[in-house]
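In what follows, a structure is listed as structure tokens, so that the remarks can point back to it.
Just so it is clear, A, B, C and D label the chains in written order, and each chain counts residues from 1 on its own.
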Amino acid sequence: MADKIRVTIWNEYLHELEDDTVEAIYPNGIHQTIAEGIGRHGNFEVTTATLNEPEHGLSEQVLQATDVLIWWGHKAHAQVSEEVVDRAQQQILSGMGLVVLHSGHFSKLFKRILGTNCSLKWREADEKERLWNLEPSHPIMEGIPDYFELEQEEMYGERFDIPTPDKLLMISWFQGGEVFRSACTWQQGHGKVFYFRPGHETYPTYHNDYVVRIIANACKWSRRRVDLPNQEALQVEAIEPVPNPGKEHIV
Amino acid sequence: MADKIRVTIWNEYLHELEDDTVEAIYPNGIHQTIAEGIGRHGNFEVTTATLNEPEHGLSEQVLQATDVLIWWGHKAHAQVSEEVVDRAQQQILSGMGLVVLHSGHFSKLFKRILGTNCSLKWREADEKERLWNLEPSHPIMEGIPDYFELEQEEMYGERFDIPTPDKLLMISWFQGGEVFRSACTWQQGHGKVFYFRPGHETYPTYHNDYVVRIIANACKWSRRRVDLPNQEALQVEAIEPVPNPGKEHIV
Amino acid sequence: MADKIRVTIWNEYLHELEDDTVEAIYPNGIHQTIAEGIGRHGNFEVTTATLNEPEHGLSEQVLQATDVLIWWGHKAHAQVSEEVVDRAQQQILSGMGLVVLHSGHFSKLFKRILGTNCSLKWREADEKERLWNLEPSHPIMEGIPDYFELEQEEMYGERFDIPTPDKLLMISWFQGGEVFRSACTWQQGHGKVFYFRPGHETYPTYHNDYVVRIIANACKWSRRRVDLPNQEALQVEAIEPVPNPGKEHIV
Amino acid sequence: MADKIRVTIWNEYLHELEDDTVEAIYPNGIHQTIAEGIGRHGNFEVTTATLNEPEHGLSEQVLQATDVLIWWGHKAHAQVSEEVVDRAQQQILSGMGLVVLHSGHFSKLFKRILGTNCSLKWREADEKERLWNLEPSHPIMEGIPDYFELEQEEMYGERFDIPTPDKLLMISWFQGGEVFRSACTWQQGHGKVFYFRPGHETYPTYHNDYVVRIIANACKWSRRRVDLPNQEALQVEAIEPVPNPGKEHIV
């Protein structure tokens, strides 16, 4: 495996340019804040890519050189081209990691790789979120306490329309009375997929050190394994039968 | 399958005899209230059994004639004999359903059938519990709305030390700030196992119609299938090899 | 739930019209043989649909009136329109069952609903397949012995690129030395999905009674539940905090 | 995490002392051959322990200093004390890895940690086993080709009475016509559990380099994480309600 994990952070990058509140929190874009944050928790070679770049910044070449793709999108999911979604899906199935954040739940790529609608309930009421750690021994939870809080966040509530996660790492409690499966893992093909709920653009969530630590841990967990052997079409020899297999036994 | 589902409700039956508060809520024992409750939601042939009966009321004969065993216990887990636990475990692995309620999480039988410690956090603070329905299309959730509330309950909090459930059906939100995986399914051997959180003895939880409906649904879901074939020690014939299997292809 | 399960059998229906060998085995098409076969094992209201019908015979109206969609395709996957795939996917996520047969593993719909490439190894060598029953108590295995054999079938070998199945019901042994996960279940959204391997068009596989019994059982298992409640946007009331939650305990 | 993985190899160590055939293959015991084998594939600090040592060589002190416990047993499962089984189970739930080999499937410890009977079919007919690799990107399969063969082994056949594995890594094809889930992973508590089928005492299986490589990989995968935080009983503060949560939305 390469020494440095090559992370590509994809951000829609529209809210920050259009809304003063968001710009004040993320003056260089959510992607830059995440890049700085995960840099405090690991040895990453970070690239960023945004919607308005050619091919959304995700050419075949870029994706092949990506060990983990982080995805933040919200209001322009429909503008992401099918071709880029196809391409990213194939890279994931071949081993590239995928870390989907917050409103990325409704991105074409997340819905494509999981096969479900990924719908949920939501509410903006400046309410407190408390995230409980269900799997303290999982590598994505390294350094995370029993719970931590975000003073204000958008609420996401169940039913979250996802396939049953392989592992459910965190459940969120919201002040208004809802719960949510906030940190979930899956494997699809040879790729590891992680969804992490927090991160509404009007709150300083990606300045929270627990939040970026979890994202950094997820990059380490989901990184592409470069030594994956290709599946081969084998020439298989005929095998002689056992002369007398005899009776089975049961224990 | 038999027409009527044969349910055996096991209750420790100590709190009701020793504590006036509990007696006032469950004058004939928690087991009788559950028996009446599930009777409103299905066609069950109900038997009850308690700790102080010979063999805790769970002879080999009783268990063989049981399609689903419901379990409520709390303060006397240690008094349940290993022999009865062994016997019940074998019946579950052979196809008997098991529905474990509330403090039964810490029973010998539940820990035995799952292999983990089944520990959790708890607090008695007369707080509200709101249970969210994650799987409205699962048969155990039939007739259950998006959520329902219990005005006062004991709090159970994560981390609940259980194997990842096959299906997580409900998550509880507690007024004091905790969350809990409150309705979980597993299969062990040929037996279906369901855990359902609510039911502290000092609250009238088993008089709640949603609660008993879920228990009734779980009995239908986990019922023993009486036509299960036994595994046989087979006499297997030698199979000639394919003369020339040739090369594999890959799609 | 409706009394009769409404099954729509979709067949590409090209081999039977173009190849004498296949026509001899399935003179009215694979779909008709499957229709007759499952009719011996259940109370189904069967409709058929084929590629060359308008909208491939799968209009919105047809799918809404379908409890289970069976899918057989092979050489013309690319001709199935994206619109029909979208439509069928949404019906599955809303609760319609899906039973995918043999080379349907590579259909657009199966890949869409699972999110993976569903690739595998294959070989045509007229070899024997022996299918082992791993879950005799699962409803799809009702009436199926420990194993059964198909004298000649196409070989499918691992690695089969699918998400880990919820339940693996059968594994195939092939005479030439390969193995395959031949009967797999998943849930996606509210829909139950079943894949069943056997059924190459040049062999009389769908005349085998075990094969059609499994398909019939799968229709019963995956049938749409018509009483599924819609998820609602709720008006949630503020909940007062617990005055003094106090300290948690751990057991 | 410690630099060297501390592995304790437990072997019943009876066959080698009582049977000339077995002694000829494993003159210093199966445990020594495994110790040498895994040493070629990793940096392990290996200790061995056997049935006839005091406490079977598995004192509390030994287990606390063990990152991964490997288990081989066959004819004397009943002689293993309940106390040692309890102790090892608690260490696994706290994070110690467990690698169970071949006939260890029927050990008290494996049945305890999984909760099922772990029964299976078997036959001794000197037949060929071909093991197929289903998950080439899983760390336990590192360096393992699409398949490898063992010229002669004991046959194990399904149904193997285990909980559905988290990941199924290999399926065995046997010359006599059976199949078996040969390499399976689970998590129980904070411990990772791996079962690997091959290793009958009358064959030189643990001299096969693929076999010991898989065991070495499994030790790396399942190693205890020493920095696991203890769960704490928290003092939780009251949380004020959201003044006006308002209506939920659905996407």
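Note that a contact is a pair of C-beta atoms (placed from the backbone, for glycine too) under 8 Å apart; a residue touches a chain by one contact, two chains touch by 3 or more.
What you see is a predicted model; the values in this text were computed from it and never measured.
Each step here moves to a touching chain, and the least such steps from chain A to chain C number 1.
In this assembly, C is the chain whose CA centroid lies farthest from the centroid of chain D. Chain B and chain D have Cα centroids separated by 29 Å. Separation between the centroids of chain A and chain D, computed from CA atoms only, is 30 Å.
Chain A and chain B have Cα centroids separated by 34 Å. Each of residues 119, 121, 123, 130, 136, 146, 157, 159, 164, 166, 176-178, 231-234, 236-242, 244-250 in chain B touches at least two other chains.
For chain B in complex with chain A, the residues that touch the partner chain are 130, 132-136, 146, 157-160, 164, 166-168, 171-174, 177-179, 181, 231-250. Taken in their complex, chain B has these residues touching chain D: 89-90, 93, 112-117, 119, 121, 123, 159, 161, 163-164, 166, 176-178, 186-189, 231, 233-234, 236-239.
By the touch rule above, chain D contacts chain A in their complex via residues 95, 106, 119-123, 125-128, 130, 136-137, 142, 145-147, 155, 157, 166, 175-178, 190, 225, 227-229, 231-232, 234, 239-242, 244-251.
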